[in-house]
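Given below, in the form of structure tokens, are the structures.
In the two complexes below, chain A is the common chain; its partner is chain B in one and chain C in the other.
== the complex of A and B ==
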């Protein structure tokens, strides 16, 4: 591999979801996650409605109804952080494993966390897949995310690839000189020596990054930068954006209502 | 009439004590296209950083378009001198090509409609009109170099100062760059190791070595003097 391409998840398209204003998509995604998170444990009907909602968005994005579904399982290991719940929440006994008691309430809570994070990730994935990264950046800026933070993300996005390429070149230079000597047992040197080489690589990369940052700053100064980043004003929300947001908020409100009404 | 660039007895030493410039004199008239050649470490890049006020003269004087470079004139100087760095990854720091080309005009405080018009014109001038929404990382070196030039063209500079524009280009991209440099109407000072490029595009050549200008004259005469070229580590074409 000559060139690192930390795959952009963005998929080009012209679907209604792609054309939505990125601000609407970010707010919609956050509201969805909020609605899912705030549901009482065991609101299966409401979670099913939210799940259908995410499928609907996937369908509208023309990437295929199951596009996000298939890719959302990556988060399940993270939900394991809640795996202690069945053992620690007091309640009716579901089963007993040795000295540990698995409670019904705890199990319901654990499964709720699992399903909530799973549907939330589906919607977040759809946001990332249907919105180009630069669009996400200006939308964040417009949504009053602190500018230094947005700038940091922006530079990170631009130079992550460049730095990764440099790291790759350093590693390749090391690999090219890591030949086998006469005595195979002595090839590769001691662990300490290898550690020193690896440390050197990291240090080298840090220095390069530092020097590059100075050159970039010079390039910014040369084009009139005076300490404040200026940007063009973005387009205003269209009628379509407003209706989409209003519809989505209504849908989320309904799902939440179902959740709280049918809460046990 | 003022010279576009006027450098007198310029000296400069880096903070680590390394002396980069030992008395450089150079003047460039409006419309001239001048090549700056010389071995690595001759002080070419250091000189270029002075023309934009990124480095402050240790001794001597630099003036650009009749403005001496001081804190108060920095804004005007930077609008007048379009400095393009050697590595386009340093020059293109924004997420998209459009934002990079708009950076200069925006920071000059121009109205938005004017900024958009300038971006369009600058990209068209380097033949990259269709690239506005592209992400810089995914471009080839040749494309990045052209867009790097557009990032300063959008500021409508009086003079373009380019650091090794043909470095790392394949023959076809290099050919395209030569055509572009010949077509652009701006005054130019271009540092390069590419003497065939010099012979094709630049009527006047300045040779620097060890922090001094050692020769300055018509390109044909300088490149036709093998003894001079050899003395300063250059190869005859």
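== the complex of A and C ==
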């Protein structure tokens, strides 16, 4: 583990999804998540349609139909936040566990939240893996995210791998000096001591970050930096992009319609 | 994997649409102010310095230490960034960190990103900075005052972020407030300790190695505005907690009241100051839960304050 390659999750490709204008992809993703979030609880048909839509995008991206599906279970741990709904929402009894009543309404609400977040994360993932990060940043700026903020984020992206490497080296140095035993929990002194050492590493990393930013700034000045980052001329929206966005919006509108018509 | 997500990242779907949109509106205003403030503070160094420090917080979140039972303490970083760089610069740093985590790593949703950034970036930065400055003023100069102020600021910053998250989940109807609030408070009282220990470790190091860096935050612009935001924040949290405690349908609340005891026992936090985060002499579990959180906060604050005072006077006497 010499160099950290934190997975630029971007997967190179030439599929129609890869070639879509990044602005279209960002807006399309947000609209999809908005459509999913707006659905009333228990709109299973509409959620199924949205899920098929995300599978369709995955298929068109030529990464494999189940590409996003396989990586979409990251949201599950957070489900704990909603897990009490079946017990606390009043309604018809579904089952009884000891003194606690599981209600139908509560279970429906809980599962809806879960499925909504699960389909949303699939589309968000597809956005990230089919768009190179510089393109994403360019699109953000075009979508009126303040220019300095986008510049800061692009700097962060450029250096986070470097600083993550530094963090890794610091941790390796700590491991080399703390006589790591079989049981990592018993390494070093008390919990407090371990925490202070970790804090020391963070402090050390602070200094390295400051010094690096100083060097970077000087290098930028030497190359004519005047407080603004320049970018080359960007692509323009093609006919294909417009049709794709129009088709996507129609699809989302239909899914929402299904959701509200067949609402429980 | 080296990079574990921090617990407060809300995925899409867990917050209702109106709540999500309110978050975005608040964020847009906050970032606009932050950009103007730091422009004055840093000039054209703003972009490279903020960018590299954001990368630093991202990397620092990966530095952890084993605690017990497979859990580990790690840093969120909002308070530390604010203590070093001042509150508005910290807002920009944390905004970048949380935005990249959501965009590239799917740690946290996109529609809910407004609140994710506010919870983990803005609220942590302002709470951390406000408490830190307040305690520094009360305790005076010196190493112990610095460390005590850093510890309490860091711990409270995580608590405020967690409580705000609980309130959003409650208002969105994803988790009843009577459950979410005590549960989040309980878990993050522990997680906040990790934050406090690492922050103190970092401040100790910086105090020894480069004391001058710690004065950037002291002289940063927006000290007054940060104080006002801090005071407003405290009031808003209390009002929000109590108003939503009063408003939901009584049926739901009664159910919560029945179930909280069970849930509290299910979580069984050994670190809990009060059993099930409820005070024995108040019957409503929600109100007593909130009171317990406030009381716990005051106790920790007071203890750190006293400790620093005692140590300081001992040093002065010697």
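Definition applied: the second predicted complex is superposed on the first by the 232 of 264 C-alpha atoms of A that agree within 3 Å, B and C clash if a C-alpha of one lies under 4 Å from a C-alpha of the other, contacts with A are read in each partner's own complex, and residues count from 1 in each chain.
Throughout what follows, contacts are C-beta pairs under 8 Å (C-beta built on N, C-alpha and C of every residue); 3 or more make two chains touch, one makes a residue touch a chain.
Computed from a predicted structure; not experimentally measured.
Note on chain A: of its two partners chain C and chain B, the one contacting more of its residues is C.
In the superposed model, A:224 lies in contact with chain B only, and not with chain C.
Looking at the shared chain after the overlay, A:151 reaches chain C, while chain B stays out of its contact range. In the superposition on chain A, A:216 makes contact with both chain B and chain C. In the overlay built on the shared chain, the residue A:19 is in contact with neither chain B nor chain C. By the touch criterion stated above, A:167 is placed in contact with chain C alone, chain B being left untouched.
Looking at the shared chain after the overlay, A:242 reaches neither chain B nor chain C.
Of the two partner chains placed by superposition, only chain C is touched by A:30; chain B is not. Contacts of A:197 after superposition: chain C is touched, whereas chain B is not reached.
In the superposed pair of complexes, A:134 makes contact with chain B only, with no contact to chain C. On chain A, the surface patch touched by chain B in one complex and by chain C in the other comprises residues 8, 133, 154-155, 157-159, 162, 212, 216, 220, 225-226. Residues of chain A touching chain B in their complex: 8, 132-134, 137, 154-155, 157-159, 161-162, 212, 215-216, 218-226, 230-233. The part of chain B that touches chain A in the complex is made up of residues 49, 52, 54, 75, 78-79, 83, 85, 87, 89-96, 99, 102-104, 106-108, 112, 115-116, 135-137, 151-152, 155.
Of all the residues in chain C, the ones that touch chain A in their complex are 2-3, 5, 9-17, 20, 31-32, 35, 39, 43-56, 58-60, 62-68, 73-75, 80, 84, 92, 95-97, 99-100, 102-107, 109-111, 169, 173-176, 179-180, 194, 197-206, 209-210, 213, 251-252, 255-256, 258-259, 262-263. The part of chain A that touches chain C in the complex is made up of residues 4, 6, 8-9, 29-30, 33-34, 36-38, 74-75, 78, 81-82, 84-85, 87-90, 99-100, 109, 113-118, 120-121, 124-125, 127-128, 133, 136, 146, 148-149, 151-160, 162-164, 166-168, 170-171, 184-185, 187, 191-192, 194-210, 212-213, 216-217, 220, 225-227, 229.
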